[in-house]
Amino acid sequence: MTQFLSLSDAVRQNLKDGDTVAFEGFTHLIPVAAAHEAIRQGIKDLTLLRMTPDIVYDQMIGMGLARKVIFSYAGNPGVGLLRRMRDAIENEYPRAIETVEHSHSAMAQAYEAGAAGLPVAVFRGYKGADLPKVNPEIKSITCPFTGEELAAVPAHRPDVTFIHAQKANRKGDVLIEGIIGVQKEAALAARRVVVTVEEIVPDFKGLHPNLTILPNWTIDAIAVVPGGAHPSYTHGYYERDNATYLEWDKISADRELFAQWMKENVLEAGPEVFAERVKGLRA
Amino acid sequence: MTQFLSLSDAVRQNLKDGDTVAFEGFTHLIPVAAAHEAIRQGIKDLTLLRMTPDIVYDQMIGMGLARKVIFSYAGNPGVGLLRRMRDAIENEYPRAIETVEHSHSAMAQAYEAGAAGLPVAVFRGYKGADLPKVNPEIKSITCPFTGEELAAVPAHRPDVTFIHAQKANRKGDVLIEGIIGVQKEAALAARRVVVTVEEIVPDFKGLHPNLTILPNWTIDAIAVVPGGAHPSYTHGYYERDNATYLEWDKISADRELFAQWMKENVLEAGPEVFAERVKGLRA
Amino acid sequence: MTEFTATEMMTIAAARALGNDDVCFVGIGAPSAACNVARLTHAPDITLIYESGTIGTAPDVLPLSIGDGELCETAVTTVAVPEMFRYWLQGGRISIGFLGAAQLDRFGNINTTVIGDYHHPKVRLPGGGGAPEIATSCGEIYITLKQAKRSMVEKIDFFTSYGHGNGHDDRQKLGITTKGPTLLITDLAIWKPDPVTKEFTVVSMHKGVTRAMVQETCGWTVKFADDVAETPEPTELELTTLRDLQARTAAAHGGTKEKANA
Amino acid sequence: MTEFTATEMMTIAAARALGNDDVCFVGIGAPSAACNVARLTHAPDITLIYESGTIGTAPDVLPLSIGDGELCETAVTTVAVPEMFRYWLQGGRISIGFLGAAQLDRFGNINTTVIGDYHHPKVRLPGGGGAPEIATSCGEIYITLKQAKRSMVEKIDFFTSYGHGNGHDDRQKLGITTKGPTLLITDLAIWKPDPVTKEFTVVSMHKGVTRAMVQETCGWTVKFADDVAETPEPTELELTTLRDLQARTAAAHGGTKEKANA
């Protein structure tokens, strides 16, 4: 059953050194404030799970929180490479990280399998591709009816998943809308779930019955963080801050500049800064 | 690309003798008018696919259209047995039918696998149950990561799926809402898709972006049949006619009474009678 | 104390077994009356899930089918049926699954498929529906049944859903990690599995019921616990809640009888 | 005739290859400019799908990422990402998939993963994203690329996505039933696979381009078709449509450059 907590308490109670953790959001609704809180709390040796690591994992990797990254596209969407992640892979700076690389299809279906309580995702994939040669977690299964060889990857079962959503009601049910990504699956696949939301509303009366809602009993903690997805966006609340994504390309290119930026904007800041950051981006 | 047709043409152009066909709807939105049209056209040797055969398959089986039924619950929901189907199984009346029996979970996941383009559904099921002993289509797969033995059934790939939905827009996109059942999966798993709808609206402007919509290019034919789900219901249009479900228990118990009822209400009727039948049930 | 029927006692005893934090899978033939009485009395926040995809539903009247419109209208959310079976049932999110039975044995194995041989049945029953996986995916299983020799049998004709097999740790040996049947509530008694043998054992009898009555309506030799309690009678609140619910249901369904609890 | 750039020619040539009935998967790095020019000119009913789950989208400006809000706001429907990959891509519902490349070989095999050894890369690139399955699940694949010796290479360092392998029927031998790369559009030319060997062959060169220019910017010995056509120049409508789209995009993204077409 869910608890309403401060972001600091929500992270402290649910994320431990050595955990496998997913901060999910597919361009939309990226839980940036939660990732920053994890950085402030200095959680160590994390296995980071995410389709598109994006700049939040670039920041976490650059700050040395990660020992392993499981991913399918290590880019700054629409901009280019993730430079802190590259520096870790190519130069072991600030530490070496292990990488486990999949395709988007494999990652999405591995979350789906995790949500479905299965140990394995079975799909048609990787034909002719080299990833199975370098990732021993990509195996195959033979269809007992057609003989077709299908790809098999382990289901994702993170210790904890963090997501950002539009709203919770007072009971703690959570609504996600717009580009919903893999968040529902990432949440249902996890042992613990923490959700940051833009706001709490009294109830969801009048909402369409088929919307994506996580009932309160599937969630461990909810923290209200207006603007908590910035520079990603929250459909219906504020737009994507594309300029910040472009700016990241410069900040992340330089170790010193990165360190300075993280100090000013993350280590010495708190979740309350996010509301300010989205003020000019409101829909 | 979808065509707007009369129900008679939609059925004639898409359903052939010997086809494997799904008329899906989970209590809600059962495509009854389409099934009646198939009966009127005397399509033969069908393999009927459906989780809960319900009274429409009882009628089709009783009229001798089916050679095989693939199902998971052969009941008149909330009432009892399907008496025409029982008569066919127990007494080969009006003809012998083959049955392939699954669990709901297997059927639902087999539709899901069909929609996903896979040859097989892999799931955790049938443990300790006797169905695998009598249904050779239930096999198993061993998880290459955990060694767990999982159930495997062939994906459903019907030749044609019929569903009933609330509305289409002028472009032929179709909206399904409320209890959405397995209709999206049954449609996407099929080679051809026919949809009956309550009405055509100019467009879907103002609808929520995450509603269940089948784009026009996934549908072969749309026929407007107001009331076309009766005695099932259409959320937002009319309620379930529970009295008719209870009445069916008596009609179907007697071969003569059944034949007479089918003659009067199906063979000598047309899709236009459905609007009349739901008049007193409008929400 | 108001008079009450054996069926009312059975429904209310089942309702009492449910808690506020339970997530119940209310399948076809299951006692949605019991679940809703629990919700309307001591367990207002209980989560009721019907396999039609409705999660956290709170109907004002009992549904005639598991896909009635009111289940959707009052639900927290309604999902597709494949998602229901994949993410919610198979995902291990259901604490209590309810099952009924055409035939039940002493180890909680259930038949709702056929009487007689599968391929040449004497009686073809509706089949399992969700039961095979409800029985193994839910945290535990509650069974409700009116006692009769033809339904409580020494040996069932077909294993539609698995309980405890031949007892002891048969269930674990098959790799099933859930508890299986932990409670059997009949119109006469409350039964729980013996901790070792897993045979259903009478732990409580309803008011006015004798051991002989329990045995006469059961096809196997009944085992009684050392201390058999008397099931507390329905309270006024419980009875009123159940009867009001059934009256509203009868009115809503055009005077037809609610059968979900049959 | 208005002047135009080689990139504009490439984008417009790609747009022309798309039809009204096509269902296009517009992945990261793919020419969403081409898809949207097609939609705004000769193919108004083309279906554009971005892997963020937006189906049938019609953005007024080009998205900076594949998950921009406008894609959802203008879509026929938006589905979850697992559904996108399961029902829509793997389900075989996409007619055309677009791919870009860091390295491309003559058989349409693509590398966007690493330069150098996988485990000790010289350059770690973003990786495949959706490409491995886009390459095999879409009906056919169009590739767009600016020609350069470092990107059009004899041998790619890593098979991120499979084209025609070593040519001939290598693709079918792997059990892949889709057509694979059927079109390569560069800033200099249009290439199609030889019907037998599957080697990309120049079938048309853009205005002012010579065979020498094509060869100098390509890392393998270029094969030219017997009859190499001249690509028709962009029409006024095509150019205006593309430039207006890019101007709207620049204005919307705060003066930043649209990179999806980079």
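Going by the order they are written in, the chains are A, B, C and D; count residues from 1 in each one.
In the analysis below, contacts are C-beta pairs under 8 Å (C-beta built on N, C-alpha and C of every residue); 3 or more make two chains touch, one makes a residue touch a chain.
Remember, it's a predicted structure, so these values are computed and weren't measured experimentally.
Counting C-beta pairs in contact across A-C and across A-D shows that the higher total falls to A-D. Separating the centre of chain A from that of chain C, both taken as means of CA atoms, is a distance of 40 Å.
Between the Cα centres of chain B and chain C there is a gap of 28 Å. Centroids built from CA atoms put chain D at 57 Å from chain C. Shown for chain A are the residues that touch two or more other chains, namely 112, 116-118, 123-124, 148, 178, 180, 184-185, 209-212. The residues of chain C that reach two or more other chains are 72, 78-79, 86, 90, 137, listed in rising order. Contacting chain pairs (ordered by label): A-B, A-C, A-D, B-C, B-D. Chain contact summary for the complex, chain C toward chain A: residues 21, 23, 47, 55-56, 72-73, 75-79, 86-87, 90-93, 137. Listed in rising order, the residues of chain A touching chain C in the complex are 1, 112, 115-118, 173, 184-185, 188, 204, 209-213, 215, 217-218.
Interface residues of chain B facing chain A in the complex, by the touch rule stated above, are 116-120, 122-124, 137, 139-141, 143-146, 148, 150, 152, 154, 177-178, 180, 208-212.
Interface residues of chain D facing chain A in the complex, by the touch rule stated above, are 28, 51-54, 63-69, 71-72, 78-82, 84-86, 89-90, 109, 113, 118-119, 121-133, 135-137, 158-162, 165, 171, 174-176, 253-254, 256, 259-260. Those residues of chain B that touch chain C in the shared complex are 26-28, 51-52, 71-75, 77-82, 85-86, 89-90, 101, 103-105, 108-109, 111-112, 123-131, 134, 148-149, 178-182, 184-185, 212, 233, 235, 239-240, 242-243, 245-246.
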